[in-house]
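Please go over the structures that come below.
Look for chain A in each of the two complexes below; its partner is chain B in the first and chain C in the second.
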Partner chain A sequence: MSELLNINDMSVKFPTRFGEYTALDSIDLAVKAGEIHGLVGESGAGKSTLGAAVIGLLPSPGYISSGKIDFSGKDLTRLDQQSYHRLRGSRISMIFQDPQTSLNPLLTVATQLVETIRQHSDINPLDARSRAIALLEEIGLYDVEQRIDDYPHQFSGGMRQRVVIALALCTDPELIIADEPTTALDVSVQKQILELIRTLCTERQLGIILITHDIGVINEITDHVTVLRSGRVIETGTTGDVLGNPSDEYTKALMAAVPRLDKRLDRFKNIVAEDLLDSEDNSWRLPSASAEFASQWLLAEHQREDSRSSDAGPVVSVEHLDVTFARGQPSWIKTRANFKALSDITLAVRPGEILGVVGESGSGKSTLAKAIVGLVSPSAGTMTFRGEHLPPRLKRHRNHVARRQIQMVFQDPYSSLNNRKSVEQIISEPIRFYGLANDEKLIRKLVASVLELVEMPQRAMLKYPHQFSGGQRQRIAVARALVARPEFLICDEPTSALDVSIQAQILNLLKDLQQIYGLSILFISHNLAVIWQMADRVVVLKQGELVETAETEQFFRAPSQPYSQMLLSETPSLELIQ
Partner chain B sequence: MFANWRRIARENEFLYLFLHNRVAQFAALISLLCLSGAALAPWIAPTNPYDIASIDIMDSLVAPAWSDEGDERFLLGTDDQGRDLFSAILYGTRLSLLVGLLSIGFASVLGVSVGLMAGYLGGAFDAIVMRIADVQLSLPAILTALLIDGIARGVLPTDQHDNLMIVVLTVAIGLSLWVNFARTARASTLVERNKEYVQACEIMGMHPLRIMLTHILPNIMGPILVILTVDLAVAVLLEATLSFLGVGVPANQPSLGTLIRIGTEYMFSGEWWIVIFPSAMLITMIVAINILGDFLRDVLNPRLR
Partner chain C sequence: MLSFIFRRLLQSVFVLLAVSLIAFSLFRFVGDPVAQMVGQETSIEDQEKLRERLGLNDPITTQYARFVGNLSKGEFGFSYRTRQPVSEMIISRMAATLELGTVSLLISLLVGIPAGIYTALKRGGVLANVLLVTTLIGISVPTFVIGIFLIYLFGVELGWLPTFGRGETVPIGWWQTSFLTLDGWRSLLLPAITLGVFQLTLTMRLVRAEMQDVLKTDYIKFAMARGINYRSLYLNHAFRNTLVPVITIIGLQLGGIIAFSIVTESVFQWPGMGLLFLDSIRYVDIPVMSVYLVVIALMFVAINLLVDILYFAIDPRVRLHSAHE
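Entry: the complex of A and B
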């Protein structure tokens, strides 16, 4: 069977003011009809650029500098805008990542579908509408006759993504480019969408290019896979071959970094070295600052604490906690309709353990963290910290001891560091604020030492956050939490914004730190595999309610609740191969 | 704050865009010329228009130096009292810019602190302050300035009028312009305050004032800087308008507005230079500052690029 799409030695360049930047370097890729071709790689690998090049939507000023894109006998690189416009949508279409933004919120689903259908074929609105209905039925929407006149916001995330797929299908294309189609969705919905894509591909004999960063997704549905790294093809072949028997070091490292559900590791075997800053960075050091110094300083506190309280009560416990958010504006006329984010949560974190909290979006994971650190006030229930009552939000005094001993690492390293402050200022702020050290020299030395402890060059303290990558920023955020000498650390999805290899590094770091300092950690994640690697015990939340609490081993062997079982079975993973 | 400015200067992005934008460079040059002309007026002006002794009524209404009836002592001619127009324009620009800068400083400090607090604290303070701002927005700025100016004139003792006029003008113009700063600061603060670095500060138990001043303020400086430039032009214009209407600076102190007012009386009697040159100066300055403001906005707001 001949190939539908054949990319031959294609390079894409972006002229910048620092010279030409090669985004894609001599790419070869072939897609057959009825096959799903996966493109996998970390951020910046050029996955999306490849997709954009094929559909002719390269962001300006990028251009294809050499090579051919052969699409059923036509060379796409030579098409003018006019003929490309006719091709795009009708023969090649695209599924975008975020169903929230890829549909026009002001138009009904029917309008958007009919408009697209009529754009590419000459039929009357009524026929177009019946075709739209048929399509929506095909992709698994219920009550299509009624729902077709709804607006996008009336559909759930998964349903909206189905509508986006219908939109992509409505002109009978031969090739679909799906750019991270399930990244914004919960696992249970992700599974359904992937199944839908698979079915459509087989039934309609479509060629699909599936772009993703998730090797689990690749393993789940693709036939062929191409591994990209910084614009180059690292490895390509059938999915079974590439993932089952990776020949390139990078592919192996990438796979080793993916948290797995079938076995628990002490550490992730690393790993793709992050191209760290230049050697000049590593030679700059403060005299006598070292990771050991930081360790000693951080541990000094703990030894004192240990001698004081050796009882084994929980570090933090939460009893019958309710958090209620008011909906809409306050009004005198009627009581506000309230939304219960958490109801009747009881849990305890023992000293030195990592308690994993799992749940889908909207399950109240982050609200739990915010209640404990005092950003949200609970409407009922009590919290204790080391056996003492922990006052909620505004009642917690600014100098309360828990302010220092409970620290938090946030999800998004791009917004958790103040961009206008140098790394030195960011890390030294807690030291100064809590009065942990007063001598300027000592503070500088501590900052440098702690940076080394989190495996960053000491010179990083002179720079600003925007000069670092996401992983490096997250290390800085961890350093900031550590210098407060906390006893209890809350990690709210600390790796969900990071690439897998970086994720593995950060998880290793957190694990090491936890073992050295005996920190107790509340580890929040939507990723079951990450929890499995990190946590000692697991708590499952569903729509604000506690579903299950169990030891990790036991939980992953045999979850007792049906909801947990469902979560576990729907997480795409690598365990099917090997 | 200083580290912040140093960083802005180091951002090669800013310099790069500036060095590739002829219009912005030209505008910067003009603004710089106006500014240095104003600042150095006592040294570069041929005569001192404040010095009554140097003015000879016999020299009144002399045409520019290059025309037939011109006098080489007066490059741009003289006004009805025999003041050298070139000197008067330099001193007038000095006064206009001084009032503009002072009032914009006043407006920005007031507006930014109010906006910052409204955005960060929310609640009743936000609601009340922003409604006041809305009410004020519904009045034209010139009306607010006239009102405050009029009240001040009525309240202040007559013999102090001339000395206090600059202060009154500053307050009047400042109070009519603070709303822009407050709204911009509030909007930017609302974005920043939900970011996780602010939450990190709150968890630590930092004082709200410290969070606002040391963490949020540096992060909202970009848009504030843009408003600062654009509104400087507006403030200079407002001062000129008030002086033109005769409620601005005292008559014996030339500002661009007073010069233009004097000029209009002679506009159709052949002495065109008295109105043309001060107006040209005012327009050039305003346009240059506005172009700079637009350039700043484009640089600091990547979405418009």
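Entry: the complex of A and C
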């Protein structure tokens, strides 16, 4: 079979104030009809840029500086804007990452489908509508006749992604570029969507370029895979070959950094030599500040407390906890319709253990964290901290001991650090607030030391959050949580916004800190493989209810509840990787 | 939807009550109304009689209740200055102000929205930059300077347009309109432009900023990737999504235009409510001032209710949200 798309020696450049930046460097790529070609790589590798270049929507001021994109015999780089725009939708289409944002919220599904169909073929609105209905049925939507006139927000995430796929398919394109099509979805929905993409690809003989950072997805459905790094092709071949027998060092390291369900590791392998440790950054140091100093300072507190409470009662326990959110505005006439985010949750975190919390989106994982840390008021139930009653949200006074001893690391390091404050101000704030040190010199020394402890250069304290990458920001967030000398740390999806290599580093760091300081951690993640690597025990939540509590080993060998079994079976396997 | 409107109307009643309380206090406590009404030679006894007749000796709460009661019956009292009923004075002036406000709003929308879309799409283009800079001048020069400049250019130098008054008007019932005569339109043009320039700049910049945000969204990129034609892409997909914030601001501005067209009306001697208000201040005509306050509050409330109803028309998410309640 001849190739549908053949990219030949293509480079993409972005002119900037500091000269040209090469986003893609002599890329070769071929996609056949009826084949799913995976593009995998970490953020900044140029995966999305490659997709945008093929469909002719490179963000300004980027341009294709050399090479050819041969699409069924035509060179796309020579097309003028107008004919390119006609090609989009009719022959090449695209599926975006987040179904929440890729549909126009103000237009009905029917309007968007009919408009797209009529844009590319000369048929009347009624025929277009019946075609849309037929397509939605094929895609797996129920009650299509009634639901087609609904607006996007009336559909669930998975259904919305099906609508997105229908929109991409409604004009019978030959090539589809799917940019992270399942990243925003739960595993169970992800599995269905991936199966749908596979079926459509085979039945309609589509060529699909599947862009993802998730090796699991690659393993699950692609035929060929190309590994990108910093705009270059590192390795390409059939999926079995690349995953099972990688020839390049980077690919090998990438595979090793992926958390897996079948092997438990003590530490992840670090992929990248840390680029942040350049000489300029390292030369700046505060005298006598060091990781050892931070370590001693943090431990001093613990030893004092250990002698006080040596009995092994739980650090935090939660009994019959309910959290109810009110829907809509209060009214005199009707009682408020309420939404129960958590109901009857009972769990305990033992000293020095990592308790993993898993569940799909909407299962109440984050609500649980917020209730414990005091951001959300529970409607019923009790919480205790080291055997003492833990007052809920507003009743927990700001100098209550738990305010300091329970700290939290949030999911998105881009929004959890104040961009207007320097790293020094961010990290020293808890020290000052809790009065842990008063001497200015000591505070500075502590900040520098704790940065070193989380493997950041001391110089970082002079900079602002926007000067750091996601992984570095998350380290700063961890440092900020640590300086409060917490007993109990809550990590809410601490790595889900990060690349696998960075994820590996952060997970290693958390694990080390936990072992050294005997921290107890509540570790929330939707990623079962991460939980398997990190947690001692696992708690499964489903729609606000506690489904199962088990030791990690036992949970992953033989989960007792059907829901847990389903979660496990739907996580993409990595069987091709050695 | 209906329960929502009902709730808003209920809220509006409270807003109006609050404003009427302010207007009432203005009436009663800023100086002695009797002293302002009577001449110097009126005897104390006569003043006392007048006070009794006006009910000024009753308890404050009774007076306020009477004031609100009269307002709700449409009895606004009499002007100190002209001895005419206030309601007549306001109504005869309201037509002028509303027509001026409407036309200047139309000018600002008809120019501001297309210009906003254009400047959002042609970022850095020559015409786009020229538009941005010239309207910036429009917003930074005070309204009265623009008015005087327009009068000088079109009224004095070129002699094309009249420089004051409403020109010829035609009565439709109690409403005096200048929309039906050429002279009326000619008189309307300069003040409407003067009043509209500020709003125009604001609308344009708001539309531009919102458009730029919307154009970055995934659904626009997705529509682009589906090859939707540019016309529909920009107008139907993108512009519609900018409407909610744009309408909010325009609604607030419209209230402002009507309420505070005082400067423009005074420059052009436009016989509207603003000019009436100005005269009332000059002669401490408290009944007119307090009724003016209440009428303006009523307009703000009505416009905001209209804006809220428009949200329902524009955004299905708002419709659904209220259906759930």
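Worth pointing out:
By definition in this document, the second predicted complex is superposed on the first by the 573 of 578 C-alpha atoms of A that agree within 3 Å, B and C clash if a C-alpha of one lies under 4 Å from a C-alpha of the other, contacts with A are read in each partner's own complex, and residues count from 1 in each chain.
The working rule: a contact is a pair of C-beta atoms (placed from the backbone, for glycine too) under 8 Å apart; a residue touches a chain by one contact, two chains touch by 3 or more.
Since this is a predicted model, take the numbers as computed values, not measurements.
Of the two partner chains placed by superposition, A:395 touches none, neither chain B nor chain C.
Once chain A of one complex is fitted onto chain A of the other, the partner contacts of A:285 are absent, as it touches neither chain B nor chain C. When the two complexes are overlaid on their common chain A, residue A:87 makes contact with chain C while staying clear of chain B.
In the superposition on chain A, contact of A:432 is made with neither chain B nor chain C.
Look at A:418: by the touch rule set out above, it reaches chain B but stays clear of chain C. In the superposition on chain A, A:408 makes contact with chain B only, not with chain C.
When both complexes are overlaid on chain A, the residue A:98 reaches chain C alone and has no touch with chain B. In the superposed model, A:320 makes contact with neither chain B nor chain C. Common to the chain B and chain C interfaces on chain A is no residue. Of all the residues in chain B, the ones that touch chain A in their complex are 3-4, 7, 16, 195-197, 199-200, 202-207, 215, 218-219. Note for the complex: chain A touches chain B at residues 17, 373-375, 396-400, 403-404, 406-408, 410-412, 415-422, 430, 433-434, 464, 480, 484. The touching residues of chain C, when paired with chain A in their complex, are 217-230, 232, 236-237, 240-241, 314-317, 320-321, 324-325. Across the interface of their complex, chain C is touched by residues 55, 57, 85-90, 93-94, 96-98, 101-108, 115-116, 119-120, 151, 153-154, 164, 167-168, 171, 327-329, 331, 334, 337 of chain A.
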